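Think of it as A, B and C in the order they're written, each chain with its own count starting at 1.
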Amino acid sequence: MSSTMDSAADKRDQIQSRVASSLRRRHAKERRFRMFGLAAVMIGLAFVAVLFVSIFSRGLPAFWQSSMTLDVYFNPEILDVGPAPVRQQDESPRDFEQRQQSWRTRLTMANWNKVMQDALIAAKPELEEHRRSLRKLFTNGEKYRLRDMVAEDPSLIGQTHSVKLLADAEVDVWVRGNIDRSLPDSRLQLSPEVRRIADQLHDEGILKVAFSTVLFTNPDSRSSPASAGLAGAFMGSLFMMMVVICLAVPVGVASAIYLEEFAPQNKFVDLIEVNINNLAAVPSIVFGLLGASIFINYLRLPLSAPLVGGLVLSLMTLPTVIITTRSALKAVPPSIRQAALALGASRVQTVFQQVLPLAVPGILTGSIIGIAQALGETAPLLLIGMNAFVANIPATPFEQSTALPVQIYLWQGNEMRNFFEARTSAAIIVLVLLMITLNALAIWLRKKFETRW
Amino acid sequence: MDNMTLIVLLLILMGVAYQLGLTRSRAIARNTTGRMNSRPGYYGWLVALWCGLPALLVFILWTLLEPSVIRSVVLNQLPPEMADLTAQQADSLMRRLNDIASGYGVAGDPAAYEVAAAETLSRLRSIGELAKIAVMASLALAGLFLARGRIHADMRARNHVEKVINVGLLLCSGVAILTTVGIVFSMFGEAMRFFSFVPPTDFFFGTNWNPRFSSTGGNAYGDFGLLPLLWGTLMVSIIALLVAVPLGLMTAIFMAEYAPGWLRSFAKPVIEVLAGIPTIVYGVFALMVVGPFFSDLGALVGIQVRSTSALTAGFVMGVMIIPFVSSLSDDIITQVPQSLRDGSLGLGATKSETIRQVVLPAALPGIVGAFLLAASRAIGETMIVVLAAGNSPILHANPFEAVSTVTVTIVNQLTGDTDFASPQSLVAFALGLTLFVITLGLNVVALYIVRKYREQYD
Amino acid sequence: MKMVDPDVMVRRDDDRQSQRAASQGVKMSARDVKVFYGDNEAIKGIDLDIMENEVIAFIGPSGCGKSTFLRTLNRMNDTIENCRIEGKVTLDGEDIYDPSLDVVLLRAKVGMVFQKPNPFPKSIYDNIAYGPRLHGLAKRKYDLDEIVESSLRKAGLWEEVKDRLDRPGTGLSGGQQQRLCIARAIAVSPEVILMDEPCSALDPIATAKIEELIDELTESYTIAIVTHSMQQAARVSHRTAYFHLGELVEVNDTETVFTNPEHELTEAYITGRFG
């Protein structure tokens, strides 16, 4: 008896020593595995950090731009356009409009360059001899800004006003050292004289790099890169989001309600379900093809219109809205439905008066996520012509327009890389901040109204 | 009166109808001894629906059909020598007539028949407009008064209204089906038109991609071989998965099994931020940061790496998919029952042994499903490859070189000047159809696997 | 004279009594063990000795901490977040919560069988071979085969599964699965086997088989079993410990506990006044 006990004990000791001998190796393996996991997480976090740091470091400078705040004298001799037309008693509206039109044309044709040159010379008289070079310092769009100021308020003529004038994009690039200053003259856009004047003005503090809001207030511009802004694209995106909110959200919520609360168990409903799950994973570009073929080619809707973009994005976000709404409805416990039904409420009353209010936070979260997804989408919009260059801020969803992500796409391809790289990143900052705001809103809603059943 | 005003007026009328129904039902309720079948609000709704729905239906049909009816009337009354216009000629003529009718003026003096046709056009339009308003108004009013007149105590107003709601909801869920049908039909239709120019075998098995533009004249349309694009797509996707799968899976494992609470609650949302960033941002990031970095890195070790290459695009795409893989895998790993972990730990297994030998094998089907979903996403991704893959549709196996993908080519062929009659544009639909079929296949399989997996542990 | 549930049959097996007497060494001992989940004290200071080669049953109403206490004996509570343990637990005089002690080694010595049969999604063979492979117990395939066979034999499962060792363990019936789990635990030759309500998910016939098996296993293993069935405790155990609200109320020979409990709480429980 005792010998068998001993041998059993021996065997155990043997096993234990074997286990013990492998322990170091196994624990080392354990640590290694754990390190891999930690490393993967760290790499993920590092990607986020690199992405944000590189975009912000490139994009933030674009919110500051070279400009000169000068006392502009609206010289009546240069702006020889006479007083703004006033409507006469016996004048037909048509005639008046014509007169006004020609006044504006004259105003546009006036030598605004000279006005700006004079303003600069007034600040620094020794530049008189370089007068011809001075016009290169200002970006083209400033002419039209001054013109618009006068058109708005004709009494400005003859007065002097302090105006912040944006420098030309090339000047901005040069002054801020965003270009290799040792390049030979042949490869630089600005003449040596303009470069010298720009440096001089910069040193003297006349040409300053200051915060600028053009990025937010102006539409895109080709002739005057320095005043190109996001306002047009922003409005385009806004219109599209409105279409998405008006279409994808109600239709999505309605179909989710139907599928979750009313649908009978049959093949057709199964088909819808499978269909929605698969639709959610269809590449976005396919929706662009759908839009190009059906909306543009077949229904002849206008190219580049936010309405069409919104339609395409609505179809694309529909599955997201449906799926999230359904899970929000699923989270409402059946006991609530049963309680309402037991009190004699009809199915419709139960759903709309009891279940839906409880699911609203979830539905809102889902809708916001869907909208954010639509806001960031680019590819399908390229196929329905939303990558056209549009120099106006669209006033209705039927006008030509572009969208924020498409504007980023257009700017990154701009040949004036030195200038537009920062502009592109700045646009990305705006887009990403919008997305983060939307997502934060969704998370906040979820947290605030989260109910545990 | 434009359409917007018309709709607003109709809505106002519906509001009025609601009020009328409401007051009427209340009046009846006061005068009857028994109870009304439904609450007054339902009678109001019923009257409003009878007032609004038929008119709305007419409005929609009218708006859809009017242009083509008017067009055919106008074209039919053209002088007989103009009878055989091609569709395109008819289009441009209609545009011209439109301009004449609206008084914008056109290039050159309009011919007499054009002036006549334009007059017909504007006359038809104003008649149509008036008729539409008249029909809608009479329908709305008739509906209103008919419904209001029929209100009585036993009327099952609630059931009627609920029926309408039910049908409305059903129609809404039909939109998803309609979308799929739309996708399939538009792709199929346009792809068929493409195949009338280029035989399918040349498309699916061709190894050359060189769609010359038709301005060169002649019947040669160029080469439309799919294989270089498919190969490029495959290469970029594989690189993306090589980045995303190990990182995503390890992240999921660490998050689910090791990470202390504070790290999890911080790192999870941060990594998920990667999923919310628009793809265009990744594209620009690839182009400005990652591409030059790889290129410099290559130069450092003596390999020629193009800054826009399969590697750049694939790598950045992989980063984009990390949160996708990790959150799906996380879900699946946490679904493995704790009892299996306990069983393994109870035998003296270390945590990593438990994960590798028990948890992962148990979660394998679900994880495979997640990978397939990730692959389908990589294949369909567009903007990153448009910006960072270099667009060079040539068959080669060097990841450091530029490639082109199916999605890039769709964008290239269909942006700018879109002419739906040329194979150069139509090929985009054949490519889209291919893409659709591939991703759909992957998804169906993946969703099936994942569902089977979920059932196993429910 | 105390009223005792007539169903409770206590085995008076002279053989078992003498066997226990032969090996009176203390295998495991707990001194003032407290377990906290966050701020909630689940176990409130327990002192208990587990003797070598005995079967000790832990009984008590649900939520009394008997399972929690069982899990402290091989540190399975380590896997639960915010679980804290105070006091001292020793195995052969060694403190198992000593930081220098390797929990892997401990669990190889103190095996565990769970409430719900939890075979791994692997073949029957791989289920049994899992532990030996981890710990490197078999140098050759032949050794491993031997371990698998002897473990399955000890668990009384060999005859039933010998022809389908390559089939998944999840395909067995519930009772077979639980015996597979016991065989899996035996395969690493532990000294103590902890069983956490091993029969609660099984039908009576399967339960009877497991109880028979436990009886056989006492020859070479020390067994601590948590059970919600007093009959089972009476049938299989030498000693019984009664837990109540995180406290050890009474521990004594099974016969004594069921026929002549010292504490009125114990009596109330075994006579079925609460449970």
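Annotations
The criterion applied here is as follows: contacts are C-beta pairs under 8 Å (C-beta built on N, C-alpha and C of every residue); 3 or more make two chains touch, one makes a residue touch a chain.
Note that this is a predicted model, so its numbers are computed, not measured.
Closest to the middle of the protein, by Cα centroid, lies chain B. For the interfaces B-C and A-C, the C-beta contact count is higher for B-C. Centre-to-centre separation of chain A and chain B, using mean CA positions: 20 Å. Averaged Cα coordinates give chain B a centre that lies 59 Å from the centre of chain C.
Chain centres here are Cα means. That of chain A falls 63 Å from that of chain C. Of all residues in chain B, those touching 2 or more other chains are 348, 350, 353, listed in ascending order. Shown for chain A are the residues that touch two or more other chains, namely 19, 26-27. Multi-chain contact residues, meaning those touching two or more other chains, occur in chain C at positions 104-105, 108, 134-135, 188. Looking at the complex, you find that chain B touches chain A at residues 158, 161-162, 165-166, 168-170, 172-177, 179-180, 182-183, 186-187, 189-190, 246-251, 253-255, 257-259, 263, 267, 269-271, 273-274, 276-281, 283-285, 287-289, 319, 322-323, 326, 348, 350-353, 355-356, 373, 376-377, 379-383, 386-387, 407, 410-411, 414-415, 418, 420, 428-429, 432, 435-436, 439-440, 443-444, 447. Across the interface of their complex, chain C is touched by residues 261, 337, 339-350, 353, 357-358, 361-362 of chain B.
In the complex of the two chains, the chain C residues touching chain B come out as 74, 76, 79, 81, 104-108, 111-112, 114, 116, 118-122, 130-131, 134-135, 181, 184-185, 188. Touching chain B in their complex are the following residues of chain A: 19, 26-27, 29-30, 32-34, 36-41, 43-45, 47-48, 50-51, 54-55, 58, 250-252, 254-255, 257-259, 262-263, 271-272, 275-279, 281-290, 292-294, 296-298, 315, 318-319, 322, 346-348, 372, 375-379, 382-383, 385, 387, 405-406, 408-409, 412, 421, 424-425, 428, 431-432, 435-436, 439, 443. Those residues of chain A that touch chain C in the complex are listed here as 8, 11-12, 15-16, 18-23, 26-27.
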